[in-house]
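Paired with chain B in one complex and with chain C in the other, chain A is shared by the two complexes that follow.
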Partner chain A sequence: MDGETATGTESWEDCMLAPVDRLRLERADSPTPGLVEGTEPGAGQRSAMFVQAQSFEDLTSEAEEEAQRSAAEENPEGPDEGEYKVQNHDFSSDSRTKEEDVSSEAWRSHKKHVFVLSEAGKPIYTRYGTEEALSSTMGVMMALVSFVEAEKNIIRSIHADGCKVVFLTKSPLVLVGVSRTSQSDKELLRELQYIYYQIVSLLTLTQLNHIFQNKQNYDLRRLLAGSEYLTDNLLHRLERDPGLLLSAVTCLPLASCSRDAVSSSLQAAKAKNLVFSILLAGDRLVTLIRKKDQFLHHIDLHLVLNLVGSSSSFREGEGWTPICLPKFNTSGFFHAHISYLEPASELCLILVSTDREDFFNMSDCKQRFLERLSKRCAYQSLKEALKCPTYPVSQVGIPDLRHFLYKSKSSGLYTSPEFPDVYRSGQEQERLMGLYQDLHSCLHHPTRPLRSFYRCGETENLLAWVTSGFELYLCFSPLASKASAVAAVNKLLKWIRKEEDRLFILSPLTY
Partner chain B sequence: MTVFNQLLSNELPVQPMMPGSVSSSVTCCPFFPRVVLLQVMLLGDSAVGKTCVLVRFKDGAFLGGNFIATVGIDFRNKVVDVDNLKVKLQIWDTAGQERFRSVTHAYYRDAQALLLLYDITNKPSFDNIRAWLTEIHEYAQRDVVIMLLGNKSDMAAERVVKMEDGEKLAKEYGVPFMETSAKTGGNVELAFLAIAKELKHRATQQPNEPKFKIHDYIESQKQKSGCCSLG
Partner chain C sequence: MLMISPKMASGVQEKQYTPCLLSFFIYNPTFGPREGEEEKKILFYHPSAVEKNEKIRNVGLCEAIVQFTRTFCPTKPAKSLHTQKNRQFFFEPEENFWMVMVVRNPMIEKPNKDGKPPTIEYQEEEILDTVYGAVVRQCYCMYKLFNSTFGRAMEAGGVELLIQKLEKFFYRYLQTLHLQSCDLLDVFGGISFFPLDKMTYLKIQSFVNQVEERLSLIKYTAFLYNDQLIWSGLEQDDMRILYKYLTTSLFPRHSEPELAGRDSPLRPEVAGNLLHYGRFLTGPTNLKDPEAKFRFPKIFISAVDGYEELHLIVYKAMSAAACFMISASVELTRQFCEQLDSLVGPQLTLLASDICEQFTINRRISGPEKEPQFKFIYFNHMNLAEKSTIHMRKTASVCLTSVHPDLMKILGDINCDFARVDEDEEIIVKAMTDYWVVGKKSDQRELYVILNQKNANLIEVNEEVKRLCATQFNNIFFLD
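On to the complex of A and B.
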């Protein structure tokens, strides 16, 4: 067991050509699959595709550290750095009268508002309504931030009247989330962080800083014009997409030989400045090839997915757009060649280059990829696989199991069956996602994280389990017992192990 | 013999021509007639209808409904017949938003023709035309063919830019002008064809052949858009 672990770890850290078959045999023999990181079902065998990140913590800890650091800097003698929760009930009524002037009851009853403003208090983005109408409201938000800052402290959140107001200061921007959901501050902060990265990916942090250094009261909406829908869509995804919750992406189920053929065709279509080649089927990853030693962060990939999924403008021709991948580098733009393999197809190819003038090289790469793909007949099997991009939970063969999310930590990939009939409606899906989010919050509690969690509800029973190798969230019918749920875990893990070739990308390639 | 004939015998896909001439190029394919490659770029403020004009020309359809902002630049091909010669137009559709300007600049110099659009129902988009022309002179090839288009000519009720103002501006800069409508298709085909003809003539002109006059050609062909409503 020890020896096996060592092999596994060594091979995916060193990016060597590990003897894949031997490793696969050893892994299959493991009596308790998945208890050690790197050997769980779905773990990559040669090297991970993504930056190894403590996923959720990676997103939030940074903000917390920063907050604490700046609090410490600004408040060298202050003992009460860090946590500063203002319990202020006057605020809600106060701000409400202001909002009433500009907006309706419907506006206020939205479950979650997100605002972005500059440090000068200028509105940059609001999820609902127009920024102009909310300039005074945003002024109040900035006043709150400044007021607490003047006391050499940092405002984190306000809890009032069933409403949470969460602040994220990322100079030169301030992001504010106002939520009536049961999400924790940390979850809300994570979402604001995503919005922040979305804005950085459009402009780069260097440009943002430059603009506001030169002109503090610059109206950033001028530069962000026409991109609001990206932020809107990202917020929508945050409510619906398990990938954003799990800090992982999901793959198109595809026989491993077909996937390998697609991957190697894509690998062969390389160019000097090409850093990442990504083939998507809708929101699902078909394959991802990266330059050796360069890793893509899952946040960056989600920003790419959001860009591609939100814009129908890539449907017809070949798109060429600057994109900053903030987790890779906040200071510069990559240039992405984005095109669908066929106009009506779900298959979208994204070629990320470092050179602004590389359009024709990338266009040529795409042609070479297509030629190889059709030569190897892989295109046909890929098209076949597109017809069933998902699978019913009944394939697993656990009677009371309705739905699950399984994430392999070392590969950063997750798998999940289609929603069963009970959760077909958008509203029900969002409710289930809300339940998963709750479980996720409990497992990743900042001070008291849990290993496993079982919850009985009126409409479903839920079980969550996290190990060093995987995260698992299961949803059972309300009639299932705890014992059967626990027994189901092993059966499910065995099933995923059996299907991992198809559900995950086990041998990611580099150029 | 002529430049064009030299090009025809050359199989390189992209072949720069002598200085000062149009750098159009010609590829030879055994199964198809000879094809001239021309690069055309659509420019103008956000939401003036660049993508709609392109889709009307390319697919003969109108993109109604919601506004879809182009991201970065978008590249499409369309082959047209000009005087029995296949001309492959490579069309760059650009995003009007300011944050994409640097990418657009990078591809200016490859373009042999620029279609510069404004929206006749949007005064600022017309006022910005001078700024666009300044930018064009800075980044584009010296002999690039420019055409000014006042789009959305079907929306007569909302018109704020008079046709004469467009004509006046075009005259000042010596560029051909017409009003187009991506919705009805009015003059859209003509705009692209006039450009293709002009460039084809430049590339293939025989010494004793009369010069192609794009202004005259347009005047003779164009539909006086919205003539019924303009009175």
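On to the complex of A and C.
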């Protein structure tokens, strides 16, 4: 049993797109030497973070601004502070409407609260309401954490009927989730980890540590103001996107010859400091080329997807933004060139470079890619494929099957049909996702993992199956029998095998 | 409890510790609201040797957790706190009275080389909240059975009396908690019923009626055979806790004389009484003894106007036991006990052998017993009926199960799943050890089956469970 348990209990963090040990080795030589200190994202402003680099002047002014801000940050109590607040004010007003009475029933009954605070108990983020109004609540949270810590113990969670509070201490931050969902503690922790990485991706851990070492009492909101919508969006994704649950991404269905053509065009557009190039169609991966020996962690990829999907500003031109990929290296920034292939297109190209001065090189890469792409008429077939980015479950031809998730463990990719009418509404979609999350946490129980799980209820029947090679989650009509469920698994696996070169990226390329 | 794990191949010996009780306390935050008076809040604290400030600190943490949770759910109080090293369970049985049980997570101690202190690894996912939450509630019910509510003690003699009662009861009761063997059955807290044919059942009923008629002091009667219930005149919830007391505490303490045989010195009273095997399990051990005291334990059961205080007489002949409850306002005399002994003793002895005979006949009809391919637990929320083929006979100290603890925990996980949604459900899982576990919830009934057919598929497992339902529960409908 031991061997089996080992595969079954592998934590979600380990399911990366690359072997762990290899990645650790690469962490040693950071891809961004010299960028660790004094560089920070344009977190203070939404527009500054995603520079619309139309001209060279735009770029340099951005750099100056950064320099200024880093100076200010080293001396947070300096005279610049007043100026800061004024700057930030503009953005907080338009970015979110958070005014909510935090003692009201409406506020309490939100399905999931997320709070981020510093170890000094200072509010950094709240999903609902304002941080100011919640500062005493967060103070209590921190008090609980430190009280238990003082006993050389670690607080994990509090449980009440229908409500649980989960704590995650990631020095120098503390994250707290309050949930009315049926999700397991582990699922909630996973979500908090994502939020933690989201914040690290904006600042780097080195900088985060540096800030709080200098001033324990620092109000991190000053640096993060204007970026809260990224966290909001990420939380929304966590409720809807099976990819975050499965630690995987999904691909745009595309004939393999077309995908290979697109991939090789992208591969040909290489540059010295280019580490990853990612072509997306909405939230779906078209292709991903990486530098040989460099691997992208699925969490990092989801953070990139969240960044791109959360902002419309990239549509207006070529964006150039620093981003830390925390699973790759928590201490340094990459620089991402983000642009859509055409203004109205869903196709978004992300070129990740190690050099902050690389904007024009990246821009040039994009041009070369576009030229090649149109020459090989792959662009046309790609655009065709965009018209049907999903498929209905009826294509599989199993009458009682409503929906499924299939993840290939080795590639870290998954496929899933569109939601059928029964689950079309947002609420129903979240309910189905909740059911999948339950199955997922049962199967991946830290000490009692399961091989398979079948649940027959009043609204649907569910079947989940984990092997060393794949994970499969199926949702059937409540009238489906067990025999039909067993038959469906075989039929579905055959269908996926038949369609695999369209649904997955079978031959990923490297530079 | 300490177990030495068999992993000794490397020469390094790992020590494995099962969950254990770290502390148990009862407090009322309204009793010491001012600073410096915190100690007054504490009504009971085990272990009592703990330093005062630490007690106050630990109670303070519980208060903080409860208060903090109210920020988010003002109506539903906190039930448990999970930490790396332990779990704390909170229960507010009466307004402002909080009972807290702290259980240490199981842990593995790995010795280090070079004289370094051993590494301790806490197993944080082993304890099931539902199980230990139920244990705390059970603690309260047991206290209430013998002492009535906290509120009543307060009325009768203020905080001092309450503290005294708590001290007296929990000091002994906590020693009987065997936290390492708690499982799903504690969640159910059910009653095992003795299956009986109609004739024998009527015989018992007429016996009960006759005794109640002849000894009119008797208000309620309960009849058990083989630690299983046959007849009860009490309300379900009262019977449930009384049953728990009888089967886990009273009966196991008195089982030795029966096993010892007639000539054993363990049963001296038999010598003078060859007419029957009846004897008192509570009250006088030997009626012939001129020094005998006729004091019986008092219990409290629910009544229309609060509670009712009763003498509990438990009288046993062979495997049959009858509980007679008499209003506490009546004083019980030697004469009454002799009357009861001479009336009940011979009849109960006869009934016991009747039931035994019936039972063996039925067993013979149902065919020779062979080790079945499955084991199951059944519970009915409506009549609290429970049946388990997983648990061996319960003794005072341990509850033995015949399956791996991990499988028992999977049953517990499925039970939590069922508790979340109020609808009929069926869950079939395959564990990493290839055992199949099936859970069915239908109406108010729950059935859990463990199948040892490792190569079976979902359809075969389903067929097997269907067969089981047909043979064991032929009149019960389960969602397919």
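In this text, the second predicted complex is superposed on the first by the 407 of 511 C-alpha atoms of A that agree within 3 Å, B and C clash if a C-alpha of one lies under 4 Å from a C-alpha of the other, contacts with A are read in each partner's own complex, and residues count from 1 in each chain.
The rule is short, and it goes like this: contacts are C-beta pairs under 8 Å (C-beta built on N, C-alpha and C of every residue); 3 or more make two chains touch, one makes a residue touch a chain.
Being a predicted model, the structure only gives us computed values, none of them experimental.
In the overlay built on the shared chain, the residue A:C348 is in contact with neither chain B nor chain C. In the superposition on chain A, A:L175 makes contact with neither chain B nor chain C.
With both structures placed on the common chain, the touch criterion links A:R448 to chain C but leaves chain B unconnected. Annotation for chain A, partner touching more residues between chain B and chain C: C.
In the superposition on chain A, contact is made by A:V486 with chain C only, not with chain B.
Of the two partner chains placed by the overlay, only chain B lies in contact with A:L223; chain C stays clear of it. With both structures placed on the common chain, the touch criterion links A:C456 to chain C but leaves chain B unconnected. With both structures placed on the common chain, the touch criterion links A:C365 to neither chain B nor chain C.
In the superposed pair of complexes, A:L238 makes contact with neither chain B nor chain C. Applying the stated touch rule to the two superposed structures, the chain B and chain C interfaces on chain A have no residue in common.
Remark: chain A residues 202-203, 222-227, 229, 307, 311-314, 316-322, 335-336, 338, 356-357, 359, 363 touch chain B in the complex.
Every residue of chain A that touches chain C in the complex is listed here, in rising order: 1, 4-5, 8, 108, 113, 137, 140-141, 143-144, 147-148, 153-163, 165, 178, 182, 185, 438, 442, 445-458, 482-483, 485-486. Chain contact summary for the complex, chain B toward chain A: residues 46, 51, 55, 58, 68-76, 93, 95-100, 102-103, 106-107.
Looking at the complex, you find that chain C touches chain A at residues 61, 64-65, 68-69, 71-74, 76-86, 123-126, 129, 406, 409-410, 413, 417, 420-421, 423-434, 457-459, 462, 479.
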